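Paired with chain B in one complex and with chain C in the other, chain A is shared by the two complexes that follow.
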Partner chain A sequence: MTPGFLGNWSLVFAFLFTVIGLGLAIGAWWAKDARYIVAGRRAAALAFVATLVAFGALEWALLTDDFSIIYTAMNHSTKSPTWVKFATLWAALQGSILLWALFQSLFTYLASRKLRDYWMSPAVLGTLFLIQTFFFVVLLFITNPFLPVPNPPADGPGPNPLLQNHWMMAVHPVLMYLGFVGMSVPFAYAVAAMISRRYQTWVATTRWWTLTAWGFLTAAILAGGWWSYEVLGWGGYWAWDPVENASFIPWLLATAFVHTALVQERRGFLKTWNFAYITLAFAATILGTFLTRSGVIQSVHAFSEGAVGPTFLGFLLLVLAVGFGLLARVGSEIRDIGSMGLVSREGLLLGSSVVFATMAFVVVLGTLFPLVVEAVSGDQVSVGAPFFNFSFAPLAVVMLLLMGAGPLLPWGRLDDYSRRALVVMLAVLAAGTLAGLVIGWTFGVSLTVGLFAYNVVALYYQVARRVAVWRKKSEGWGSAFAAYLQHSRRSAGGLLVHFGVVLAALAIAFSQAYRVDAQKTLRVGEQATIAGVPVKLLDLKAYDQRYRFAVEAPVEIDGLGVARPQLRYYPTSRTPLAGPSVRYTLFKDYYLILQAFDRQNGEWATIRLVITPMVFWLWVAGVITLVGVLMIVLPGGLPKPKEAEVGVVT
Partner chain B sequence: MRWLVLLLFSALALAQPLPGNEPPPDLSPRVFEIAAKLRCPVCQGESIAESNAAISQESRRQIAEMLAAGKSEQEILDYFVARYGEWILYAPPKKGVNWLLWFAPALGVLIIALALWRYLVEARRREALLGIDDKTLEEIERRLEEE
Partner chain C sequence: MRWKYFVGFLIILGAIGYLVWGGLGKNLVYFITPSEYKANEGKYAGKRIRLGGLVKPGSVRYDPNTLELRFVITDGLAEVPVFHRGTPPALFKENQGVVVEGKFEGETFYGDNLLVKHSETYQAPKEGYTPEDVRRLIEEAK
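And now, the complex of A and B:
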């Protein structure tokens, strides 16, 4: 048996089980018989196992240097280190789609185990199987990685050098696909709710799935940012590149949904909006793939172009047609009834939804504007960081304002406790901003510092109120706090996510405003200052690392030890790739890039030094956010007590 | 020996090596600030400050020279626009259709907020309708039947 044989047949079986599952889901709908659902769950499990075997077959080919199938022949090299060989599976198009299909079949199976509602289950399962069918059709008929190669080469080119440059590349795409695939379950629930006309209950279940996907997307975006930072060689973590934007759009729409879902759960408002958010969020995951895989947009991250562009465009249109087609019916059938005050928790949640929806709109517009202008007038324009920063700054300020006050206010009204807290928070906001201006920071940075303080005070008031309730029942403040964490783990997780985002905002404001970037040529042994930092070029060395050739310039930075920036030459790349070296400190990152070197005598090297404040805190903020998400989505925990049982502190 | 290997290798790897073996000029932070506003003409969506392609390194050198010659930022940007077209600017010039882009965020907030406001007004109006007393409701139903 060969990997090609095993891979092809397991894909065929995965496809068959998926189609059978789809048939069973339709049967369950038709016959209104739960036994079809049980059988559908088994089909989902079998499809997952078959896809896992296909995944194993491709890894088998990669790890044993089997060049008889097209994927290895085109993307693999015997010289790669083992971890690169393993991660090569998702370094190019066909393998990525296989990984995507693997996760899709996993999520279909997991979702099939968590079905609760007999009316909705057939449609949930059917939608997921339909999405899964799409991926197996693409895999089998358009981008099959297991196509046999008539004359297998002895060695291949290996994956794109940028992907071999950092271990994060083994992690980031996996997280991203988990996030993308994760959004398919909420979409399936939305479709099922609309088909079965059960417009209210789907929201609570879907919020869990959406938050899980949101966690993966957050982790993926952070991992991608860190990869850009350490690999792309210019010392930045975000560039408003189309591919980055493509991952950001579903993140923003999922964020909007997570907030409006709370309003629907509590008050029954915004039923149609929630359907729209979920449809758009899932469509955005497909849009991203279409944009980056079809070659319509230029990006530094577009590693795998191919013939799947039109197929994904068709699928995207189908998703939008199904979602909004059903939504038109919902819109004609239901009308939400009730009134709400805007200065209340639900009012501010709605405000946040406006902010996130606008952010998503701005990112879509900025990404697609060049395409539209070129299609209409033939002119070429570029939309980059200046436009996005200009439009995001005010939106971010409003978001940070709402974020502090929102969870503090009770549902439906403004009480004395939160009114007092709001006064203190606004005073702290003003004081923080003023202090920043006095220190001499820019207005944007000062305002962010003020907003950071405002949010920290808000968190204090929220936690203090809940802990004070437990204080009456427990020994001391410590055990009161522990009781609060046990009984309100999920809402505490939400607050922690908010804190992570506020910290990230602070890190972004400082790192954007006070980045310094300079370049200088040093002779070996020479001591000099770059951007005010004393440095010394110690040596210039060259290494042959078999799969690449590296030139290294060890630089001693005053008081921070030796940094070792490299230039790396890969056989498949015409230009060398930067191998930056970063010295992380708590408040400033020193980022060194070897820009050029004396190729004849090895006497000088040109070093670029980027000093960026607070970047470290961005990664800390990311970890805090993810811990918060875990606190929300993990099962278990004690039930939340009713307000009537424990009383409310005012 | 080591440098011979290196020389051979870089000759192979660099399809367009920089002319000669001269060190690139020292660059001040100002150069990178300006370079960040310009798109690298040969790259896949990177600015001249970000990219390490030969043409970006050359452009940074030009920016440094123009700064040394006392040119203003606007003059430098104009030079690149004259050479490559407005496509080179990452901030689309505020004119013509580009106004659509620059006004879109404000327009987006307005439209979404208006849609939400209308939705809330409608929901309240329906609540008010529901709030009518039974007598009036009976009256309405009676009149509807008469029609």
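And now, the complex of A and C:
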């Protein structure tokens, strides 16, 4: 038996089990018989096992250097280190789709085990199986990684060198796909809710799925940003590149959904918004793949070259048609009864979701606008970072304002406590901004400092209010705080996520405003200052690392030790790749890049130094955010949705 | 009560519209070749553009100590002198397709971002190439 044989057959079986599962879900709907659901669950399990075997077959081929299938022949090299060989599975399109299908079949199975609502189950299962069918059709007929190669090569080119350059690239896609696939479960429930006309409970039922998916998307974006920072050698973490935008759009829409879902869960309002947001968020995960994998970003003309682009576009349109088609049908039944005050928690939650949706719209527009211009006028234009920064800055300010006030306000209407807190918060905002201006920071940075202080005060007021309740029943403030954390772990997690976001905003504001970028040519042994920092070029040497060739220029930075920026030459790449060296300190990052060196005699090297303040805190903020998510989703923190509770509209 | 929401809605929509169209209008960066610039200098004056073409043989002057790079970019029909402060990228050489991002100041193009357009199959164009050939070459090299 060969990996190709095993892989192909397991894909066929996975596809068959998926189609059978789809048939059983339809049967359950038709016959109104729960036995079909039980059988459907088995089909989901079998489809997952078959996909796992296919995954194993491809790893088998990669780890044993079997070049008889197209995926290894095109993307694998015997010279790669073992971890790169393993991660090569998701380094290119076909393998990525296989990984995606693996996660989808896993999530379909997990969701099928938790089906509680007799009326909704067939449609939930059916929708998930339908999504899964799409991936297996793509895998079997368009991007099959197991296609046999008539004359297997002795060695292949290996994965894209950029991906081999950092271990983070092995992690980032996995997190991304887990986030993408996670959005399919709430979407399937939304579809089922609209089909079975049971509009209220699905948001509470899928809360866990939504939040874990959000956590994975957040982690994936952070991992991508960190990878870009450590590998790409320009000293930045975010470039508004279409590929980055593709991962950001689903995140923004999922964030909008998380906020309005809370309103529906607690107050029964905003059902229409939730159906719309989850449809858009799930569609955005498909849009992302369409944008990055069809080549359409480079040029509209690349679109028609492969089958992947049109297939994903078709599926994207299908998702939108199903979501909005159903919504149009049930729209009149789910109008909000009564009116919602805007200056209340639900009002600000809705407001923040509108801000996030607008951000998503801006990113979609900025990413697609060059395509529209090219299609209409033939002019080639690009929309650079200035556009995104210009549109995002005011939106981010509104978002940070709402973020502080939102969780503080009670449901329904204002009370005295939150009114007092708001006054103090606004005073702190003004004071913080003024202080920043007096220090001499730019207006944007000063305003962000003010907003940071405003949010910290807001968090203090919210926690203080809850802890004060426990203080009456416990010994001291310490045990009152512990009691609060224990009993309100979920809401405390939410506040921690907010703190992570506002800390990230602060880090972004400083790092964008006060970045210093300079370069200089140094002789070996020469001491000089770059951007005011005393440095010394110690040496210039070359290494043969078997799968690559590296040139290294050790540079001593005054007081910070030796940094070792490299240029790396891969056999498959004509351009060397940067191997920047970063010295992280609490308030400033020193980022060194070897730009060029003396090829003849090894006597000089051109060193670029980028000094960026506060970047370290961006990664800290990311970790804080993820800890907050964990506090929400880990078992124990979630009160189980009781039927009586979730069914009642308050 | 209703008209209040309507006015609020219009204000929000207006703000979003301003953000988007105001932002796009100012920040569109056109990709052109030297002859397209010469044909329509007024349109591109003072604007950020991406200038694509080939590095003219014999025009490259680089001083590693001052990091000043000067060369001439050509599309076969017209040529433009380029000034760029920074190290030339690894594959930067004569007859290579490049894209420089920056602005015109007088007759000289001041670049702050220099990209070499290369691909595994890259070949320097034959003698007598046209701006269309150059454009295609650069587009394919993406």
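Note that in this section the second predicted complex is superposed on the first by the 623 of 650 C-alpha atoms of A that agree within 3 Å, B and C clash if a C-alpha of one lies under 4 Å from a C-alpha of the other, contacts with A are read in each partner's own complex, and residues count from 1 in each chain.
FYI, contacts are C-beta pairs under 8 Å (C-beta built on N, C-alpha and C of every residue); 3 or more make two chains touch, one makes a residue touch a chain.
Please read all numbers here as calculations on a predicted model, not as lab measurements.
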| item | value |
| --- | --- |
| Simultaneous placement of chain C and chain B on chain A, clash or fit | clash |
| Partner chain(s) touched by A:Leu147 [first = chain B, second = chain C, both, neither] | neither |
| Touching partner for A:Ile334 - first (chain B), second (chain C), both, neither | neither |
| Contacts of A:Pro242 with chain B and chain C, given as first, second, both or neither | first |
| Which of chain B and chain C A:Ala513 touches, first, second, both or neither | neither |
| Touching partner for A:Pro576 - first (chain B), second (chain C), both, neither | both |
| First (chain B), second (chain C), both or neither touched by A:Ser391 | both |
| Greater chain A contact set [chain C / chain B] | B |
| Chain B/chain C common contact set on chain A | 298-299, 354, 358, 361-362, 365-366, 369, 373, 379-384, 386-387, 390-391, 395, 519-521, 574-576, 595-596, 604, 606, 608 |
| Touch list for chain A against partner chain B, complex | 232-234, 236, 239, 241-242, 269-270, 273, 297-300, 302, 335-340, 350, 353-354, 357-358, 361-362, 365-366, 369, 373, 377, 379-387, 390-391, 395, 516-521, 531, 542, 544, 549, 551, 569, 573-576, 578, 593, 595-596, 598-602, 604, 606, 608 |
| Complex contacts: residues of chain A adjacent to chain C | 298-299, 354, 358, 361-362, 365-366, 369, 373, 379-384, 386-388, 390-391, 394-395, 519-521, 567, 574-576, 595-596, 604, 606, 608 |
| Residues of chain B that touch chain A when the two form their complex | 2-3, 5-7, 9-10, 13-15, 18, 21, 23-29, 31-33, 36-37, 39, 43-47, 49-54, 57, 60, 85-92, 97-98, 101-102, 104-105, 108-109, 112-113, 116, 119-120, 122-124, 126-127, 130 |
| In the complex, chain C residues that touch chain A | 12, 15-16, 19-20, 22-24, 26-31, 48, 50, 64-65, 67, 86-91, 116, 118, 120, 139, 142 |
